[in-house]
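Both complexes below contain chain A, partnered by chain B and then by chain C.
Now for the complex of A and B:
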């Protein structure tokens, strides 16, 4: 229903324009600008004019291939093995440096390899660090999204009971959310520290001295996991509160009906609580996924992407290239890939959780 | 029978509180450790991590770390910068976003639905994906200041403020809230000849207390905890906010006592503010969750 009373093009535009203009200038334009920049060789400061390079940036980042390498053989044709019986292979460089037989692998480096019979399969990529950052980001999202959502739901169910003083507990569980992730990262760097770290000392004490001190952030096997644990600790209260808001929209009469019917606790959760949380679940998952893909400050403060690139992430790489190396187009290309990832994951989540 | 069930009830209650308290300890211990450590000399701080003394104000307690932190880094300047940037951004954001949302909700005008659609669409664009193009953009933007026309916004307060004033979520929160206000109120005021500005100022804003608190708290948290953006657009120390100022403490030797003092200085005021306004903080986070 449009009323004459409320129709006014002039006032409408005048009121909306300052806010909308800022959004357009500082969010919408940079967003499209990223797509454009990813097709150029733009640098932050450069004496040369910017050139249009087509999909070259994407090609540089995404080129990947599998190289099959036969083991070295001696003159009789037997496989050369080292002292442990492992076959020896020619160096990957021989295939990727100016080898006319393998033009598609030129300039690539080894990412990882596996053994298939006596031949080795080597995954080579032109930008190994990018692939590592993509893989780390995906690992982070795959672990953190379900674990954090699940723990947050458990906390919400725990807090959603009638108990004296329950608000105090709710306030405490939420507390890390208002603390900057930078502060939290620095504190946890200390907790994880190999010498004098609180975590090592605690585990040492609890295991009666059996536990040997471990360099949590300095070891490529545990660095990303340690950052995951800390990130969950910091943000789980945020999602607990969103779950709580969802829980409170479920009508108490449904619970009364369930208890009259003699439903067990699990049945009540399965048939009353969970169906009532459907929309909240979608929202929590999408929000966590978006936050997890944006992983940056923890890495910057705690590990700088190391050790051995085991904690580098897509956002860390955009900043390192776009700002650190002033390679704006390289950073923008990773940004575009990141955005397409976030978008497709949100769409998939929406699709999987759609109303049937 | 009755006594057994009463005992059972009592026992279960105790178990519940024990579980709740253990979880609370997990959330509280790093923060407690931070505050306690800030009071100890660095060598004692490191020694104390071997026992529960790490969480107690024992031994050589004092404020020496605070004095040292202030003399090592321009702490007061960093705090001032953060408070200035945060305060100005929150105020301008409340004003301009509520104004836009007012227009989107109560006025009919050509292009309204398209513009609102664009605003909502920005919700799925994480800031991290536009940071680099935005960096290039602000490095070229013009500005008319006291010394005439200049280009480039790097190393200023405005580069930390202006891009953060308006955002999709804040506008959206106001729109959601305004939708539930009675339209008759606005139409009646129009009939009486009130201008749109008067309606915004005298009718709608006085009713907008809860959503103003929500939007202010969310913006406050984002702005005060800002890290990535100032890191890439502010190299000059004189404009740096608190989170980026932290780098100062890693330059020569890592003095953990001073670091803990600095962390306490920049965190405890926010925590205190949160504990006082606890309900408002939690309900503002919850209200971001009720979106359609």
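Now for the complex of A and C:
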């Protein structure tokens, strides 16, 4: 195998060269370059020389700790409680700003907290925005990957029939894919508009005026969900086509055999269609996962990461820091972390879906 | 011998001819205003006049859309392809000067002594850029609204205090006729936030960065004054006095004319349209929150790139452009504020009694340039995010602390941006 690849296959290598060359030039080399930059203090533009700073960038991004805060006590030692009986705590900034007793938390900020008895456990991180964007990205992937893949499969099953005019539906479902994501994002921004958005008007009309207009993108609780819904709608057609291609490779004779055996519709799907789609399923899941991790354009156009960092993502932060704040090394660090993340998830997916 | 003489003569003739043809040296120029034919026409007039007025230099301009202009300059600087003359947004100038994209102008400074302070781009004691106009922001409303609400008309000498301003907003809210009393323009993300809103912070007594050293934001952006500003800012949105970050951009453009808002915090570039809608439009000065009323200053300005081999020619062009008639042309074409009083008298809108003359006075009385430091580019981004977060309900002290830390970390990473104790 090895000898065949290296010796007697010159034409093959020649054909592969343009592809390999471009991949090396635009993907492999930039990645190593990013890894190198993440170990320096490189700026986008600066007269200062670039210095090697070791793992400082990673340290700044990833430092995280748990701070235990005792509730405030009055002079008699009793815990101060507010009107609802919840203990009151001193402010976190008292511990993290210029406090010589807690040098390990200096400059950190609160990410979230929970209650353990009367003490509060506060998770503090030196770069809360990074952790929030990591968490948002993971949430996005966890929701979008299965829902988009499932929805795309349903659509593919629906249009995989010989009916008059079925091509019209195929075209309609595929349409959002060919429209630029920036245009789609702008349109959905209008749909979600709090004032006279189509979505609010529609819900208002359908509920006979019971529904109060909601600020979909302006509310931290619904902003990411709104972007998920829009993203699923936009790319579902693409994955539908891949499923469709998979469906059409399944031999009709298998379906004929199943119907002769008296299989129900569900049994046909479960024992003929689904096993036949195995490889397609692996491909669709990996592609969606990678695309979902790269979430950027929708965020950039619709929310800019807000409100309150509820929609910021890793790629958005990479661009925001590297270009907006001219901190190339900071952006490079995030992209290296993202690469390792996507790589390990892809490897896990490959392992779980391997041929047994 | 004769042969040599002929040859010499021929050689001489060729040289003279070549020198004459090359008498006008080409100067390239980049401009951010692509897509605005009126603006381009004024600039082209200046260039044509300059090229005709002397025989040493020939300026040719290339225009870029504003959104991609800064990126183009940065990319050209990295690739070593900068033109001779570039225009630069005022607050960004120190960053480009520090990065070595610009060289100081060789301009007779007596020519600009009558200029408003905003258009003059000084960094490190040297003049790097000069603007042919300035821009200003005012509190736009109608005389009829002030009368209905029974409000005193604030003046430059006696602007509204914080109590009066908040009283005006509450009074407008109480009428119930407006969606919101005040339109701040939260839909305009980007440079609008630091340009339009950092003067509020400065009027409270805070700032983006400590201007005595430019080495830290501690105390300026998270001191008591800044905390007071943050609480006030959050209150505007928590009490439904102003639409928040999800404001519809269309509502920003026409909401005031449609009667959605009683007051609008808006720039002189929008004034023309509003004046056409309501003839009783008034432009009120910024309220005084304690440390004096403030508005932003400095718009786009011209500078000479460090790559230019003919800085004398480039400077000559810029000096030529500083004539009052051109300043007036720009103002008449796109409504900008002329930087000299004499040019202002030559314009329709800014001459004494002109409908927008108040903007000239506002700029003169209240304008404060954004922090003059290469770090401003990052400070602006950090400030924008902090304001958006506070408007959306984030804890004021924690947010301002975080912004302070981020600015300080950036200054440290850049070894002080050339500032020293």
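Note that in this section the second predicted complex is superposed on the first by the 333 of 356 C-alpha atoms of A that agree within 3 Å, B and C clash if a C-alpha of one lies under 4 Å from a C-alpha of the other, contacts with A are read in each partner's own complex, and residues count from 1 in each chain.
Heads up, the rule we're going with is that contacts are C-beta pairs under 8 Å (C-beta built on N, C-alpha and C of every residue); 3 or more make two chains touch, one makes a residue touch a chain.
Since we're looking at a predicted model, the values are computed, not measured.
Which holds for A:163: it touches chain B only (first), chain C only (second), both, or neither?
In the superposition, A:163 contacts chain B only.
If we overlay the two complexes on their shared chain A, which of chain B and chain C does A:218 touch? Say first, second, both or neither.
In the superposition, A:218 contacts chain C only.
Which one hits more chain A residues, chain B or chain C?
Ranking chain B and chain C by residues of chain A touched puts B first.
Regarding the shared-chain residue A:264, is it in contact with chain B (first), chain C (second), both, or neither?
In the superposition, A:264 contacts neither chain B nor chain C.
Have a look at where A:253 lands relative to chain B and chain C in the superposition and call it first, second, both or neither.
neither
Which partner chains sit in contact with A:11 here, chain B, chain C, both or neither? Use first/second/both/neither.
First partner only.
Looking at A:44, would you say it contacts chain B, chain C, both, or neither? Reply first, second, both or neither.
A:44 contacts both chain B and chain C.
Does chain B (first) or chain C (second) touch A:76, or do both, or does neither?
neither
Residue by residue on chain A, keep only those touching chain B in one complex and chain C in the other, then list them.
In chain A, residues 44, 196 are touched by chain B and also by chain C.
If we count contacts the way the header does, which residues on chain A are in touch with chain C in the complex?
41, 43-48, 60, 91-93, 97, 107, 109-110, 128, 193-196, 215, 217-218, 220, 304-309, 320, 324-327
Given the complex with chain A, which residues does chain B contribute to the contact?
13, 16-17, 19-21, 23-24, 26-28, 30-31, 33-34, 46, 49-51, 54, 96-97, 99-104, 106-112, 115, 118-119, 122, 124-137, 139, 162-168, 171, 186-187, 190-191, 196, 200, 221, 224-225, 227-228, 231-232, 243, 246, 256, 259, 263, 266-267, 270-271, 274-275, 278, 281-282, 285-291
Taking the touch rule as given, give the residues of chain C at its contact with chain A in the complex, in rising order.
Checking each residue of chain C against chain A gives 74, 77-78, 95, 98-101, 189, 244-246, 248, 251, 377-378, 381-382, 385, 388-389, 392-394, 397-398, 401-402, 405, 409-410, 413-415.
Which positions of chain A touch chain B when the two form their complex?
2-3, 5-9, 11-20, 22-24, 26-31, 33-34, 37, 42, 44, 155, 158, 161, 163, 166-167, 169-184, 186-188, 190-191, 196-198, 201, 233, 237-238, 241-242, 244-246, 280, 283-284, 290, 293-294, 296-297, 300-301, 315, 318-319, 322-323, 328, 331-332, 335-336, 338-339, 342-343, 346
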